[in-house]
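First the structure, which I've put down as structure tokens, then a few questions once you've had a look.
To keep things simple, chains are lettered A, B and C as they appear, and every chain counts its residues starting from 1.
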Amino acid sequence: MKTVNLTCVECPMGCAIEVQLDGESVVSVVGNTCPRGLAYAKNEVVCPMRVLTTTVKSTDGRMVSVKTDNPIKKSNMFSLMQVINGITVTAPVKIGDIIMKNIEGDVNLVATDCLK
Amino acid sequence: MFDALVIGGGVIGGSIFRELTKYKGSFCLVEKEEDVAMGASRANSGIVHAGFDAKEGSLKAKFNVLGNKMMPKYCEDLGVKYRNNGSLVLGYGEEDYNTLLELKQRGERNGVENLSMLNRDELLAIEPNVQDSVTCALFAPTGGIVCPYELTLASIGNAMDNGGQLLCDFEVCKITKENGVFKVIAKDGREVLAKVVINCAGFYSAEVAKMLGDDTFDVQGRKGEYILLDRESGDFVSHTLFTAPTKAGKGVLVTQTVDNNILLGPTATEQGRSDSTITTPEGLGFVTEKVAKMCKNVPHFNTITSFAGVRAYCDRHDFIIEHSQKAEGLINCAGIESPGLTSAPAIAKYVVEDLYSKFNALDKNENFNGKREPDYFFKNLTDEEKNAVIAKDHRYGKMICRCEQITEGEIVRAIHENPPARSVSAVKRRTRAGMGRCQGGFCQAHVVEILARELGVSYEEITLSGKGSEIVVGKVK
Amino acid sequence: MKKSYDIVVIGGGPAGLAAAVSAYDNGVKDVLILEREPRTGGILNQCIHNGFGLTRFKESLAGPEYAYKFAVEAEKRNIETLTQTTVLSISKDKKVTAINKENGVFTVEAKAVILAMGCRERSRGALNIAGSRPAGVFSAGTAQKYINVKGYMPGKEVVILGSGDIGLIMARRMTLEGAKVHAVAEIMPYSSGLKRNIVQCLDDFGIPLYLNHTVTEIRGDKRVTGVTISQVDQNKKPIKGTEKSFDCDTILFSVGLIPENELTKGMGVELSPRTKGAVVYQNRETSIEGVFACGNALQVHDLVDFVSEESELTGKSAAEYVLNGAKPRDTINCVQGKNINYVLPQKIDKNASGDVKLYFRVSNTFKNCTIKLECNGKELIKRVKRVAAPGEMETLLLKESLIKSLEGDVILSLEESV
């Protein structure tokens, strides 16, 4: 049995959650105040996921902000950063445009800003 | 070959440089930093002293009183802010009263006009924030304030407008003399020839003199740390407040600045041959403690920044302004500590008219124009005048520094004016962009961009203050 | 351009946009937004991280996405917006003087003014930190602008002072872009940042957070070469012998936000020394009739969602003022008592209709405490809280019926558990 202490990040409440683990399987979750917290805790101890936000450069040198449209594996952040830093977009770019399809699984990299 | 070469772009070198260009000839000023006004003239109290402090018969006393009288006109010509705010020396009790009385008498012998003693009520009427323990004050209505780097920049800029040549990043490492001609050699190999060398190298003036075999004086550094308060507290005091000198030494001062900030300080830390300007917790604590004895309710919550400057003083404890006793053609201006700023116009006149004239005849430069417009002129215009300027150059309609309300037009102007600004700090000293309460937080990135564009270099090459102080380290991607 | 408007909004950030849209939707169509930057959206445009809008839109948006939602609403309504326009001054009688390239210096008259200038970061200078003054010292927001907007790295080896949200966000951002963040030092015994940012910006990358620590020395002549942090005692004074030294080329400061109120001061509006923003009634009207304030210029919010909410209320109030004029007031004060840093609004007009939501911050971290609202020694509301911290803005709803019954100033305080 292993105990993992987490701070829930689903909302600004920041509940302190305690997860009991038996190997890979979750035995109990205590401290969360909502179902989102429960889901977060279960995920976090097995395979933590993060939305990655960063920028890509454009041909004219300007930056445009981007994010993964769903969480990606936390452990993949740096390798994906390398991929993203190799991308160059050309204006115009609109919010929501897919900058790179299936950057991890079926997760896409999308623009979070416009570039006129 | 130049008729005269000035070494050192501080307020003394700058004033002499300008004074020289009133006459026919070719003149050059060399400065080891990337910009002028980078030594003691960058960071001092900015006081135009009345002249009661200096020992009678000293050069300090002589040039202080003369300089004090010249300063208003000198600043007006150069478009430099000057305010005759008057100085007050605070006293605590009878012993101090007598000290102040002595100061008053000394001042009168030095030629200082209109000195008077104030009792507590009279003092409170003009400075309501002085501490309860203050009982009396010496009032010197001729005391004033000026911004030391502004004055230096304007003097050098005006000298350049009148034909003088400025060489920055020129660190003198060797001077030779052959057939009556000096060859001044910089660290990077550049050479300048001159008939006369005027040594205004401040902290390094003894080293420069020694390059020509003159070892008649030594220079030491004394650090002064300051705290600067926001303009929001600008009316905390209106005069410059000193305390009576005691056996424990001179205290600190509390003064308004010409830009309506409040300046507290300085410390006086002997540091020998170091010109380090780091601030220390002890130093800033000392200033806070001393100021608390002078004033009530000091608005420290409005602190904008703290900084330090190094004053160069020499072992003779008076200014050295003379022909070198060892090297013919070398004029030394050394150990110009306080009241050097006040004295600068008078020193310049004396050096050129009485010392330099021994070597070169003084023929008036008919084309000399002693007037100069400052880089920050825009803010003081009426709306109609501003619109006339914007109509001609739209960049004056683009606000860059919101704290000090400085436009792109003024920044561009500072980059192309004499002496040209090439770094973020240089722009700041000329225009005040980044000098305000956000300390460049909002405008610095814009200033970097304008500098890169106007100088035709990349963003990464722009520095805070010369090579090695690049603002960014490279592209993100 | 026109010489007068019903409402002039100063600032086109999230607060200004929401206020303008709300004023429009509440019946005043003649609205002008003045914005300094080339586009609206304010600081959100450089906040490329996500987490915005969770409360309001129930989704996690990046800063520019959140701003865009409001910019679109303003555009739909054809609300006139002047960008690259800096307001220089506002007179007591609501004449707004501004400057831009096209119009030069110009003045517009307004029936109502909404102050939505946002806030600025405290600088290094304000902290009197000893040492040298080399390149490589940035406020966190300035570094954010360099990286996200300009595309330049301010440095590679970083120490951050202050664990406010911007500092935490920048720790992650710089790490992702290849910098090494050695430490985050926080002078308080707790971080003022959001929990999720501590987890996702520091813990995820193994960046140590030193609580009760401050920077005691900055080294470097031309560029930063190192920094020393020290532990502080209860009076926030550094403890000798606890120094930790780091070699680094960059120091970021994230040491607090201050509402921007130079214009507010200039026009003579009463300011609160606690919030550093205007003193307002529940409708966000300031001490000058027809002048309103909202967003971070009024009080520094934790979440932009609350900025939008407050600004919509303000826009509505301004519209009501334009349409109906001023009404006689019956004012009581809302005062912060024990363990409370500030309460807003500071004034309540009993004649106004509707409930009033009090916003407040506590002065320290408390566990199992009680929030109390009193009037003339009588306890009106009592609320037990598990946790309260200065970093999290708290709210308390006062029902209209309660307000009508008040017979004097109300005092909000926090009782610690015994």
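The definition used in the following text is that a residue touches a chain if its C-beta (ideal position, glycine included) is under 8 Å from a C-beta of that chain, and two chains touch if they have at least 3 such contacts.
Given the structure is predicted, the values throughout are model-derived calculations rather than measurements.
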item: Contact-richer chain pair (by C-beta pairs counted) among A-C and A-B; value: A-C
item: Central chain (by mean CA position); value: C
item: Rounded Å distance, chain B centre to chain C centre (Cα mean); value: 38
item: Chain A and chain C, separation of their C-alpha mean positions in angstrom; value: 26
item: Geometric centre distance via CA averages, chain B-chain A, whole Å; value: 54
item: Set of chain A residues in contact with two or more other chains; value: 55, 57, 63
item: Of all residues in chain B, the ones touching two or more other chains; value: 476-477
item: Shared-contact residues (touching 2 or more other chains) in chain C; value: 147, 149-151, 177
item: In the complex with chain B, residue positions of chain A that touch it; value: 55-57, 63, 85
item: Residues of chain C defined as touching chain A within the complex; value: 45, 48-50, 54, 60-65, 68, 147-151, 173, 176-177, 194-196, 198-200, 204, 302-303, 392
item: Chain C residues within the chain B interface of the complex; value: 36, 84, 86, 88, 97, 99-105, 107, 120-121, 123-126, 128, 130-135, 139, 141-142, 145-147, 149-156, 177, 216, 221-223, 238, 249, 262, 265
item: Chain C-facing residues of chain B, complex; value: 227-228, 232, 276-281, 283-284, 303-307, 383, 386-387, 390-391, 394-395, 397-399, 402-403, 405, 407, 437-442, 444-445, 449, 459-460, 463-477
item: Chain B residues within the chain A interface of the complex; value: 476-477
